[in-house]
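Every chain is named by a letter (A, B, C and D) in the order it is written, and numbering of its residues begins at 1.
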Amino acid sequence: MPQGDEPVVKMRLRSRLSETFPTEVPAMELSDKSSRQLFAELKRTNTRKRFGFGRKPALINVDLQKAYTCVGEFATAYETDPRQLEYVNQLAAEFRARGFPVVWTYVAYMDSGEDCGIWGTRSNTPDSLQNIKVGSRRSEFDDRLVIDHQRDIIVNKRMASAFFETNLGSVFNFHGVDTVVVTGGSTSGCVRATVVDSLSRSYRTIVPEECVADKHEGPHFANLYDMAIKYADVLSVAETLEQLRRVGA
Amino acid sequence: MPQGDEPVVKMRLRSRLSETFPTEVPAMELSDKSSRQLFAELKRTNTRKRFGFGRKPALINVDLQKAYTCVGEFATAYETDPRQLEYVNQLAAEFRARGFPVVWTYVAYMDSGEDCGIWGTRSNTPDSLQNIKVGSRRSEFDDRLVIDHQRDIIVNKRMASAFFETNLGSVFNFHGVDTVVVTGGSTSGCVRATVVDSLSRSYRTIVPEECVADKHEGPHFANLYDMAIKYADVLSVAETLEQLRRVGA
Amino acid sequence: MPQGDEPVVKMRLRSRLSETFPTEVPAMELSDKSSRQLFAELKRTNTRKRFGFGRKPALINVDLQKAYTCVGEFATAYETDPRQLEYVNQLAAEFRARGFPVVWTYVAYMDSGEDCGIWGTRSNTPDSLQNIKVGSRRSEFDDRLVIDHQRDIIVNKRMASAFFETNLGSVFNFHGVDTVVVTGGSTSGCVRATVVDSLSRSYRTIVPEECVADKHEGPHFANLYDMAIKYADVLSVAETLEQLRRVGA
Amino acid sequence: MPQGDEPVVKMRLRSRLSETFPTEVPAMELSDKSSRQLFAELKRTNTRKRFGFGRKPALINVDLQKAYTCVGEFATAYETDPRQLEYVNQLAAEFRARGFPVVWTYVAYMDSGEDCGIWGTRSNTPDSLQNIKVGSRRSEFDDRLVIDHQRDIIVNKRMASAFFETNLGSVFNFHGVDTVVVTGGSTSGCVRATVVDSLSRSYRTIVPEECVADKHEGPHFANLYDMAIKYADVLSVAETLEQLRRVGA
């Protein structure tokens, strides 16, 4: 981190100047609003056309494992909407019933942590990412989830995106997937990374808002905002289910 | 977008409840602060160990093309720190002088726009992403940049990340790159995506704060915050240059 | 290369032994046949179910550029079936007429050759791979080809496979491609690599035999054999066209 | 497969013609030699500069699992050099002793076989690829192998190449790997695919000849030939060990 916050100050000064000299083009829009306020505003005003569902959606549930869901047990856990996992189960059941793929990802690493790479080198506590070991309690899916271990696709990912160095690309090609619904956490981490990769791979991408969660309000809403503007349809879970039921109808 | 903003309201209510029943674990930290305030706070308090420079850094300058830099000419352009391009030139010169790779990426698409994929289907104005055509003025690098077209690596990327479906992976392997410095724009779009992919590929990742820019203050600081917490060292350009000069010394 | 050819000798001896002691399981099937003979045999006896065409095929024409097609001008050029390019044009016209993607790849490198990586370090003559420079005559498509530069997808690849670090993945997802027809050269190099990646990505993969070419007969037929056994339907161009015309019918 | 072998015939005729009309450029070199003979010739005459070892090699042992190594038990198994596994153990011990990464890959699929994709759709017998199930005997490493399950990197790959949709890329970046030694089987399948990807990613690539095996002699030698010409140093295991011991010295 830079010492102090000079760059910020410099920019603010410039902004004051541009108020004084109105011929100057305002270069960056400024705002004192919180991300929650900005996202709420966007929801009221967004008129951007949606990606919508195509013909073959897949559901990716990102890292709904105890390290992140067992609030009270692990310092790394968090909860946003208290009904998140219930909604995720509902979505998964609906996907399965219609024959669409259901994916559950989790992170877990070797004893050496070397598969966490440089990411696992900044701290070394039991809560550090690279210390979520294969087979550990932190790596287990939350007990409240309904997972079909026979049928669903389980992916041990190591990095932020569910697509990064995993076999989802070829499996989705095999199934002709054209739409990806992303749930899980964190909104500002692995969900965001998965959404960016999903759209980059040219999948219509949907985020049911109540199904993603984060540790902090600021990044949660800031990333919902970014995803809604750039990469995904951010919908209520109710609307996601409604649209899902119309696929192929 | 969901109608109204019910999920937000629901969560806020829950937060009030947890103030009433203090035994309940606070599930998500709430805050009314703006992203600028949160990032300024983080800069003052962040004690996280840095990734630091390794032995062979590369510089990736993301999408510093007229569509995004010519404020006043294109509606999609923006400016954050007015000296951004000057700093980028300084970094590039320093990298070249030390024999380290310098990469310039830009986006540009076929006439059909099909290489922009589903991303290019939500709007169709001259400012739409898929309408930045190969050879167009919008696709040209900013005239203020000093690019060595013989020596530097020029990449026509199509998606957010500079690594996505481009040859940077093999070129960086060839050069033994272990550290990536990312500049350009937007902070909340292609810079963020490049940074996530860079760390995922296990490169030490550095973002010189004054060298990245965005259209809006909120996402700019929210993404600096996310990157600083999760994926990168966010440094001042002065400190980046100072560390760079010490590589191999 | 190992000095002498001991491993070969050792194995042959073992084979003699196993003829002597017929109770021993023959570990590797031996044969003095040429690849041409083995492939001809396979064509007569192969009863393996075909992948067949799906609903949306794409055509990838691999490296039909002067360095490899101008026999007499470049030492690296070759010709197998003299009507190869004519057949490729016919296939491309048929794909275009039916609205299916047509891709032309070529290799070409920076002046430094660094984007050829370690591959470009074993020789340094005008015919060396890394010396096929962007904009050079060697990098140009053969003049006999009919390419729609507006509509077809042109890809500057650097490595063997047409999919490696190129945007074909996302473009094919956008188009819902499920079948890939591969032509070009060399059979034992970039065609083979493209076919392996195509099947790995779960595309039904087709090779029209007369449309692929190689410098030497041995590798040409050995790779047709491998591809037919493992990765692709190897068809005559006539049958490829016939099957193509039935897609969607 | 095309009916009959007309394309072959056509080409042979052309070759006869070009003997008659010597002004015509011979377009493809013809030969009645077997692949074994061609490879033996190449070993005697090859003067091509080697890639050689860099500073940090990794060892990838490809699919040395019972389905492919238990000759007599599984129809899909094969053996070429009877000391193959002994040599592989020797290499692995040497890599470990020097702190270099050792990777063991295997194929194994979900009950549905969907992660085998279109590749798993041409047959459906117990020996079919997609029927090598996770946890099955066919998926187990050969009992003769000495694997350090704590320290070595174990990869469940699904497709031919050890790099395809696996985390070897990021792990190798983390370790600064610049050289890859490939053993295992089959020479004409997963070894070849791994070698092509290894070189494409710009790793110096080495194949110790006695350490790779195949079901049939023809493809074994044809692929050793292709790899030696195009993608790798094909060395004896003795020379590989000798070079390995000189790394960093």
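Quick note on the criterion: contacts are C-beta pairs under 8 Å (C-beta built on N, C-alpha and C of every residue); 3 or more make two chains touch, one makes a residue touch a chain.
Treat the numbers as computed from the prediction; the structure is a model and nothing was measured.
Chemist: So which one's got more C-beta contacts, B-C or A-B?
Modeler: Looking at contacts between chains, A-B has the larger number.
Chemist: Between chain C and chain D, two touching copies, which fits better, same or different residues at the interface, with half of the numbers shared as the threshold?
Modeler: same
Chemist: From the mean C-alpha coordinate of chain B to that of chain C, what's the distance rounded to whole Å?
Modeler: 38
Chemist: Round to the nearest whole Å and give the separation of the Cα centres of chain C and chain D.
Modeler: Each chain reduced to its C-alpha mean, chain C and chain D end up 18 Å apart.
Chemist: If you average the Cα atoms of chain A and of chain B to get two centres, how far apart are those centres in Å?
Modeler: Here the centre of chain B sits 18 Å away from the centre of chain A.
Chemist: What parts of chain C, by residue number, touch at least two of the other chains?
Modeler: 117-118, 159, 165, 169-171, 173-174, 200, 202-203
Chemist: Along chain C, where are the residues that touch chain A in the complex?
Modeler: Going by the criterion above, the answer is residues 169-171, 173-174, 176, 178, 200-203.
Chemist: Show which residues of chain C lie in contact with chain B when the two form their complex.
Modeler: Checking each residue of chain C against chain B gives 110-112, 114-115, 117-118, 150-151, 153, 158-159, 165-167, 169-171, 173-175.
Chemist: Residues of chain A touching chain B in their complex?
Modeler: It comes out as residues 1-8, 10-11, 14, 25, 27-36, 38-40, 42-44, 46, 48-51, 71-72, 78-82, 117-119, 121-123, 159-161, 164-165, 188-189, 192-193, 196-197, 199-200, 202-204, 209-210, 213-223, 225-226, 228-231, 233-236, 238-239.
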